[in-house]
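The data blocks that follow each hold one structure.
Note that chain A is present in both complexes that follow, paired respectively with chain B and with chain C.
After this line comes the complex of A and B, so read on.
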């Protein structure tokens, strides 16, 4: 177990910047999820933490000690790779044993550790099977046993569930979180699946184009996304965006566009007026209403029935799609006119140029 | 007849044609080996030996053979060459196989799994030497060998055969190594050195591929005729294919030629038989 600090990490491949000026701290015993689309630098970041890739510049500290030039083995990290990679020619037991082969432990201690690790993830009866005889879920468990048998300082997982089918993923997700809480190892989990990130992480680091966009708890990331990218990437159905201008009138702040004039309340009420802003609002926070001045005129495009609710996908006034969550069973013909409203205090305002949330000074 | 049955029929027919295509010429040779010269000369040709006998097999090893009726088949004049050839072919093939495997395993591994400068160009060089017809290097090798005094030596023949086997086997194994899962990552996390990873993890993992590669090297060496014909024919370093070609320049002995052909087919046949399983695995990988 260890606290892991990344100081100003840069990784370049030729002229390509894989990771830029990354600062991050992973607390001891925490489960941090690195989330982002492919090519965002999350796997590179994990490989640098593991010691598989050397950063171009910057420092990596484990419990305050500089390990930047240490090998993965010296760092005492354990890793589960994509598709739960195992040595294909070795039995499950020997795969787990390979983690301890260079540990210098006694034969007895090694056997005890293997037995304990196998029991922890419930693979005791699989120990004599070859990887090719294991199912996807069993491989994943054996790979996990191989990782925890080392009692690592950090446990790193690189999209271990991505090759599995949906229902298996669901149960293994819970299993991994449960395991992490039981053994209290610092765990870093890389994924491109935002649902996986939301359900597993103590905290989530959202990455894009080699930069850390935001790091925080799942609730924080969901309710207070710091950038347009995070707002659009996290959450199902995705956040709605409306373009407009911020104007001051009668001492109050208004968002106006050709089809809407709405007073901005809440934390952004004191934002500085500016010509172009983007307002973001979650589909769950919108309601279908009667037509009115502060309502958004919409045209029904499609309706998705989810059983417990319905998602109404509409063409918005400025061309983009707007999703509104309606009660289960809601129907309307395609092309019908609807109106929707929402509480502006629940909306987030972003600057389209910097793609970051608007700065607010003072209190509303 | 249903469409499905028609399809099966055509498939069976195609398989039959393919089998006939492959096995008929071989059958013809097998048949000759058990017949007498007069039987072979008969027209129309006989479809099977009327009275199969083993005389030719004794003759090519230098023994006279007397049938029950008292007919004597004399030992072949090529016998000394055949025996020498058999011994030399085995020596050359085994040495070439061993050296090829030792060189090619690390070489292919490096090309398949590591990044280094000029990799693409060096790989193209290997490919080029695969595509080079042996005849194109024959004259240069011959003049070189005459000057070095290497004609008619097993050493010289081994060196020349390696120039054929190493590129082609490397080319095969590079593809095989590329398809292995990235276990080097696991090995690094487990704290193993690169050398340990190659010798103790990659090699056991790739043993079927390596075995097939060794067999290919053996077969290429065993079957090599062009260089042997020019460099070692008539010397003590003669190999079986070169020794057999000697039959072509003497009084025709088709039965003995056929018998020695069968002899030369024996090792490849045994190898293919015992390694079927590994060869099949190689195709899956």
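After this line comes the complex of A and C, so read on.
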């Protein structure tokens, strides 16, 4: 168990910047999820924490001690790789044993640890099988046993569930979180699946193009996304975006565009007026309503019935798709006119140039 | 389906589809017939010859002499010495070919991106026919023209160094055979190596494996079956090598490289003792089958189970 600090980490491959000026702290015993699309630098970041890749510049600290130039073994980390990599010609037991081979522990101690790790993830009866005889989920458990048997300072997982089918992923997700809380290890989990990130992480670090876009609790990331990218990447169905201008009138702030004029309340009520902004609003916070000045005119494109609710996908006034959550069973013909509205206090405003959330001075 | 077809007013004409088995038979029967003609017939004829004494002088005659040819082989000193040379050549060739092939594959795998084209070039020695390789290695080994003299020259010596000496000619020939065959082995091993996920090497690093352990646990396992297959192929090729040795040394110097195939050639086609040659060739066949069978029992079965 350890607290892990990254100080101004940079990794370049030739002229390609894989990771740029990354600062991040992972608290002792925390489960941090690194989330981002492929090529965003999240795996590179994990490799640097593991000691498999050396950063071009910057420092990595484990419990305050500089480990930047230490090998993976000296850092005492354990790692589970994509598709739960194991040595294919060794039995499950020998795979787990390889983690302790250089530990200097006595044979007795090693056997006891293997037995305990196997029991923790319920693979005792699989110990003498070869990896090729194990199912995807069983391999995942054995790989996890191989990792925890070392009692590591940091437990790194690189998309370990991405090759499994959906239902198995669901149950292993809960199992991993449960395990992490039981053994209280610092855990870093890399994924491109935002549902996985939301459901597993104590905190989520969203990465894009080698930069950390935002780091925070899942609720924070979901409710208060700091950038347009985070807003669009996290959440199902994705956030809706409307273009418009911010104008001051009668001492109040208005979002206007050719089909809408709406007063901005709440957090952004004191934002400075500007010609172009993007308003983001979650589909769950919109509702269908009567036509009116503060209602958004929409045309039905498709309807997805989810059983507990229906998602109405519409063509919005400025060409983009707008999704509105409607009660289960809601139907309307494709091409029908609908109107939707929302509480502007729940919306987020972004600057299209910087792609960041608008600065607000003081609370409204 | 059949019902709808029958009840339809005028079923559209359909070309009958042939079954998988018929298709397999259609494409393989000509090959089987061809093999029967070019392999089974000569084999059967050789079997027939091996029980006869064949004479060409005073008109062709074949006289039945039972197992006399076979028993003569056992007491023939040149058979035993030739067999010894064949085994020596085979063991050396197999070990050298696999070792050089594995070494080449490791080098080719770690080539930096701008040197990757060498991977294609390395196959060239394999493209040289054994006949050509024989001529090539004669010139390379001889005292006047060879590499031995050249290397000695670099160190200021004016000795001629002949690599084709009675004592080491078999080893020298094994080097040439390995040179000819190893690139193909390297090619297949390289293809195998590239299927190993790069992340497995990261796992080995986390487990603090040494270079040797990493090679043993990560690099080698996917290669083992290919290595077994090529040890069989190289064993068979080395035991039946004739053209390469014929052009390189003609069994010399003084019979020092007269392997079994070369001795067979001399008995059958120089001395024209066809019946005796045929009988001895069945001993070669038995040795080849025995060697590959042994390889399978000792090694192949183990790889198969994994």
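Methods note: the second predicted complex is superposed on the first by the 364 of 364 C-alpha atoms of A that agree within 3 Å, B and C clash if a C-alpha of one lies under 4 Å from a C-alpha of the other, contacts with A are read in each partner's own complex, and residues count from 1 in each chain.
In the analysis below, a contact is a pair of C-beta atoms (placed from the backbone, for glycine too) under 8 Å apart; a residue touches a chain by one contact, two chains touch by 3 or more.
Predicted model only: the values in this text are computed from it and were never measured.
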Requested in this report: Kindly say whether there is room for both chain B and chain C on chain A in the superposition, answering fit or clash.
Outcome: clash
Requested in this report: Answer with first, second, both or neither: which of chain B and chain C does A:85 touch in the superposed model?
Outcome: both
Requested in this report: Could you look at A:48 and tell me whether it touches chain B, chain C, both or neither (first, second, both, neither)?
Outcome: neither
Query raised in the report: Does chain B (first) or chain C (second) touch A:230, or do both, or does neither?
Result: neither
Query raised in the report: Where on chain A do chain B and chain C both make contact?
Result: 50, 52, 71-73, 77-79, 81, 85, 87-89, 98-99, 101-102
**Report entry** Residues of chain C touching chain A in the complex
**Finding:** 197, 199-200, 202-203, 205-209, 217-218, 221-222, 306
**Report entry** Residues of chain A defined as touching chain C within the complex
**Finding:** 47, 50, 52, 71-73, 77-79, 81-82, 85, 87-90, 98-99, 101-102, 130, 158
Report task. In the complex, go through chain A and note every residue touching chain B. Result -> 50-52, 71-73, 77-79, 81, 85-89, 98-99, 101-102
Report summary line: The answer for chain B against chain A in the complex is residues 181-183, 185-186, 188-192, 201, 204-205
